[in-house]
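Two complexes come next, and they have one chain in common, chain A, joined by chain B in the first and chain C in the second.
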Partner chain A sequence: MLMALDVVAPALSGAIQGAVYGLLGLGLVLLYKSNRVFNFAQAEFGTSAAFAVLFADNGTGPLPNLPLPLAVVFGLLVATGLGLLTERLVVRPLFSAPKVTLVVATAGVTLLLISVQGFLAGAEPSVLQPLFAGDVFDTGSVRVTRQQLVIVLVLVVLAAASALFFSRTRTGTAIIAVSQEPTATSLVGISVTRTSSLTWGLAGLLGGIAGILLSGSTGFVSPGSLTGLALIPAFTAAVFGGITSLPGAFLGGVVIGVVEALAQSNIPKDVLPGSGRVVLFVALLSVLLIRPAGLLGKEA
Partner chain B sequence: MSLLEVEGLRTGYGALPVLQGISFSVEEGETAVIFGLNGAGKTTTVNCLAGVLPVWGGEVRFDGKKISGKDAPGIVRAGVALSPEGRRVWPGLSVLKNLELGAWVRKDRHEVAGTIAQVFGYFPRLDERKDQLAGTLSGGEQQMLAIGRAIMSRPRLLMIDEASLGLSPKLAQTVFQVVSQINDDGTTVIIVEQNVGVLPYADQALIMEKGALTFDGRGAELEESGELRRTYLGEAAAAAH
Partner chain C sequence: MTAVVDPPVGRTPPAAGPDRAAEAVARPRREFGPVRWVPRAVVLLALAWWALVYVPGTFAYSAFAADACIYAIIGLSLNIVIGYTGQLSLGHQGFVGVGAFAAAYSLTVQEVPFAATFVIAAGLAAVFALVLGLVALRITGLYLALITLVFGLTLEGSLFEIPRFTNGGAGQPADRPQFLFDDGRFYLFCLAFLVLACYVDYRLLRSKTGRALLALKENERVAEAFGINVTAFKLIAFTLSGALAGVAGALFAYRIGIVTGSGFGFFLALTFVLMTVVGGLGDRLGVIMGSSFFAVLPFLLEDSPLKRAEEAIAGVLSFGDAGTEANIIQFFPQALGALLLLLTLVQFPGGLAQQVRPFTDWLKGEPFDARALLPHRGSSGPGTVEGSSVRA
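Our next item is the complex of A and B:
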């Protein structure tokens, strides 16, 4: 029976897909670690960045026709700007409000961004070329593209860099301090508002990187596409890895991707429709029951 | 010129006024103690001086320069630090990280280690627990850490809110002695207290009631006046004494 299972190819493709979840999960963990907020708009920072790359690359509207590398930079700037704007216009006025209010507000930002994307680009999916064309290898049953390899490498680098940022730098420590005791933080001279802006700007940038790489990998972008494709698995990955652990988001993403792909490949649709997501949630509940802080988390 | 001059200070929470326009000054190198019952406005006063609460009216000058209107980081940079009520240490950071962050505004980064050593000199217990998470410290140790963190910015004026709250009488005396030592080393101190055990360390004593000052004099004067007895036990007890 075991020999009949399809393991290697789905595990590999799942790990790569999981890297995308992890990439998006990094931004979620960053904001939860610093603000104790689940940011529902994280995926749409990414979709907006992908649209910005598309528009800049095509020279849509008032934009000049930029070469792809510059279009990518433009896309990342748009995502960072959206993070900063969300902080300034939505998060900061709600600093003293209950966290649940802030979470609902980020869901509102998601809906707004999806509407703006639909207004500018229409509802139909737009084709987005991968940043890195070609395959690393293709054995027929297993295929890994350069774009996918880049996604995995970027995730590893960003997870390690983010973890070092929080454990070794003053600014990283200050962001954690704000999340634990904002009043005490301002009493030692740290600007809580500036720290909040920095965090949301970084989250926007991380979302932008995830969005551009994922949309390039799938070959299309449409309004709300990243929310539909990756937000729920990214949340699951972040919680699975330990919601305050940045390396945990990486590990959680890969595990979630593999579990999802194995289930999709090995459980027939007529037996369990949507088996990937079902197994994913069962796995998540199991981890939370056995280890509530997640795989690498230290705080329950 | 006094180090701290407060004139007609008014503030409150939301639309609710608390301070009714208080005025006092503190001389450089002295220890001032603010006494009063719960709700008298003591914490509101130091929070307003530290920039945590906005100034509704009046003026605060530090070393002759106006600091009212500055935010909390601006006031720390001016040389005023507050060890807040409830300690408010960062529970998920180590003792050492708490102290290092306390030095955030300092430009002389190479001298921060010297100040940490000085804090460990005042509170040897913190040295023993420097790698421990602050949230796992006892109440007394957290109080020491909160005071130590405030010292890390090398303030000229250190304010400590409820230094002895929740501490045993013996531990409270230890904290008062260290604060006295900090004062001897050149830092002007304001202590907000309900514990009269701090009185021997007070050069200046203030009593607050209902958002106003009812006594402002020397510490020795307060001991003799019976004002504390009236504040804490009421008119009848003061008369009987």
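Our next item is the complex of A and C:
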């Protein structure tokens, strides 16, 4: 039986889901650009931030009962702190180690963060209210919430801002210089360790923004929830758009989100179960085989 | 026996070498002659009795011991990719799953003889590895980690859910033949496969392929300049690794008796990488020990000194809050694994292998050198294994 293809609704929801992937992918691109490493802990910076918002908002444990905006600031601080801590305790001792070692270490950080979240909150999902309640529009088949609109806007602004940061500011240029030639960079007076701290702190912050917005949008947070929901598509999006290109993360995210949603809503489960993942795999393989630099990436 | 024992090339941790030699010259050791083999033989016989008689005879141990053997085979398989070739595979649970389903499907649905299911499992997993490797190994750098990761998840979410092969959510049964019903016997059966895997691994390292792999791990460009076909040898290693993982998958299927697709997720892949790295990349014994440890960790946390340590830690960290204490106990194995991994990478790059080296050296007839147990960062950097390092 041939069904009419279901296009408009999944494409729209896919694009919004893709914005989430792109937001997470932004941090991945930042760390690849600056450290030449895939950071598997990126999503967990986000989940930790979402938990921090939840705890601060509820006044759990020793925390005072903060109003939501302050709780969000607290969550972002936690995420940034986690980025800095990861850099100091794991990345810096492994500075001259092979990159594979560093990638394994970030996977270790992921596991550790998930278990700490588990220590504090348990395995059951906790309910998290969206920061921005209400819908932009809801036609029955298509529904866009305010939170989703904010995610898209934040992604556009952040992608543009961080692209400008790398191309226009001295600090951004210094980060690129360190990634290309650490020894020469320190010879001209740029502190390699401070640059490294800065990038990991920024990556933590980006992860935190993504985590708080996404968890508010799905309405729950549980240990490792972001890794499970979005890390792999975010990686695929980042590679698809060009792992060194910040606007590429945005574009890749949207493309991956749309294609994934179209596949899931049009390929029946009994023909091919898990079609979303198959699409991710095919997209990743084909982009790496045909154009390894990605849509907008260049070898730099 | 001469006073100064020449350390076998590459077996001694970098920092310990010269010091030990100097110390031996300064303070000549007593010579025991052939008598020194007596305590070593006693220890070896005790270990053999424990592994071959005591564990299979003890009902509570044998099922977990079988798990340990299966994990050890997976560890050895992953070690070929990470430890020898310097690539990172995060999709090995996919190959294990392919092996498990291939064995279960061919035994239960196609009614293939029991022995042949192992050949089918190894073959099919090897084909998957070969095809994935053909595509992925042409891309250099860290991308293999990403592709294998997505590959594993795709298998879990898609192929392992196709009802015709995997019986959907109900799972594909894989019943052991009559003579292996007993868990003790099944453990010995798995142990035999582990010995076989060790032999394959040993032969691999001592072949032209093994030397080529170690060379290309050190530096791909230099290896290529010496006429080594980098992609071809990586592909051989990856395929062999897939075959071993497939055999482990078949054993896994018979161990639990029914295979379901949901068990082969991302965290299993992480556990596999974790146990291999903590064991000590590139070192056969270390990898086997690391893998067995993570396999029996749930058992150790049921009843052992580790259980009491876990409860004590949970009690202190939770400040008396019962809910938090339960959470800590639930997530304890994961936290322990992650901490061990990070500690290994940052402080003890040689892994467990480095920690047991004084004992294994002693068993080989050398004096006991306790200083090799101390943390040290060798000049060759983290990931150092037998005088070499893992490279992207």
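Assume the second predicted complex is superposed on the first by the 296 of 300 C-alpha atoms of A that agree within 3 Å, B and C clash if a C-alpha of one lies under 4 Å from a C-alpha of the other, contacts with A are read in each partner's own complex, and residues count from 1 in each chain.
As a convention for this text, a residue touches a chain if its C-beta (ideal position, glycine included) is under 8 Å from a C-beta of that chain, and two chains touch if they have at least 3 such contacts.
Quantities reported herein were computed from a predicted structural model and do not represent experimental measurements.
Novice: Once chain A from each complex is brought into register, does chain C clash with chain B or fit beside it?
Specialist: fit
Novice: Going by the contact rule set out at the top, does A:Gly274 touch chain B (first), chain C (second), both, or neither?
Specialist: Second partner only.
Novice: Identify the partner contact of A:Leu164: answer first if only chain B is touched, second if only chain C is, both if each is, neither if none is.
Specialist: Touch partners of A:Leu164: none, neither chain B nor chain C.
Novice: Considering only C-alpha centres, what angle arises at chain A between the directions to chain B and chain C, nearest 10 degrees?
Specialist: 80
Novice: Counting only touches as set out at the top, which of chain B and chain C does A:Gly108 meet: first, second, both, neither?
Specialist: second
Novice: Have a look at where A:Val188 lands relative to chain B and chain C in the superposition and call it first, second, both or neither.
Specialist: first
Novice: For A:Gln180, using the defined touch cut-off, is the partner it touches chain B, chain C, both, or neither? Pick first, second, both or neither.
Specialist: first
Novice: On chain A, which partner's contacts cover more residues, chain B's or chain C's?
Specialist: Of the two chains, more chain A residues are contacted by C.
Novice: Which partner does A:Val8 contact after superposing on A: first (chain B), second (chain C), both, neither?
Specialist: neither
Novice: Does chain B (first) or chain C (second) touch A:Leu68, or do both, or does neither?
Specialist: After superposition on chain A, A:Leu68 lies in contact with neither partner.
Novice: Is A:Leu153 contacted by the first partner chain B, the second partner chain C, both or neither?
Specialist: A:Leu153 contacts neither chain B nor chain C.
Novice: After superposing the two complexes on chain A, what is the shortest C-alpha distance between chain B and chain C, in Å?
Specialist: Once the two complexes are overlaid, chain B and chain C approach no closer than 6 Å between C-alpha atoms.
Novice: Report the residues of chain A in contact with chain C in the complex, numbered from low to high.
Specialist: So the residues of chain A in touch with chain C come to 37-38, 89-90, 93-94, 96-101, 103-105, 107-112, 114-116, 118-123, 223, 227-228, 232, 235-236, 239, 270, 272-278, 280-281, 284-285, 288-289, 292.
Novice: Looking at the complex, which residues from chain B come into contact with chain A?
Specialist: 50-52, 71-73, 76-77, 81-82, 84, 88-93, 97, 100-105, 149-150, 152-153
Novice: Which bits of chain A are touching chain B when the two form their complex?
Specialist: Touching chain B from chain A are residues 170, 173-174, 176-177, 180-181, 183-191, 299.
Novice: So in the complex, which bits of chain C are touching chain A?
Specialist: Touch list, chain C to chain A: 82, 86-88, 90, 135-136, 138-139, 141-143, 145-147, 149-151, 153-154, 156-158, 161-163, 266, 270, 273-274, 277, 317, 323-324, 326-328, 330-332, 334-335, 337-339, 341-342, 345-346, 381-383, 389-392.
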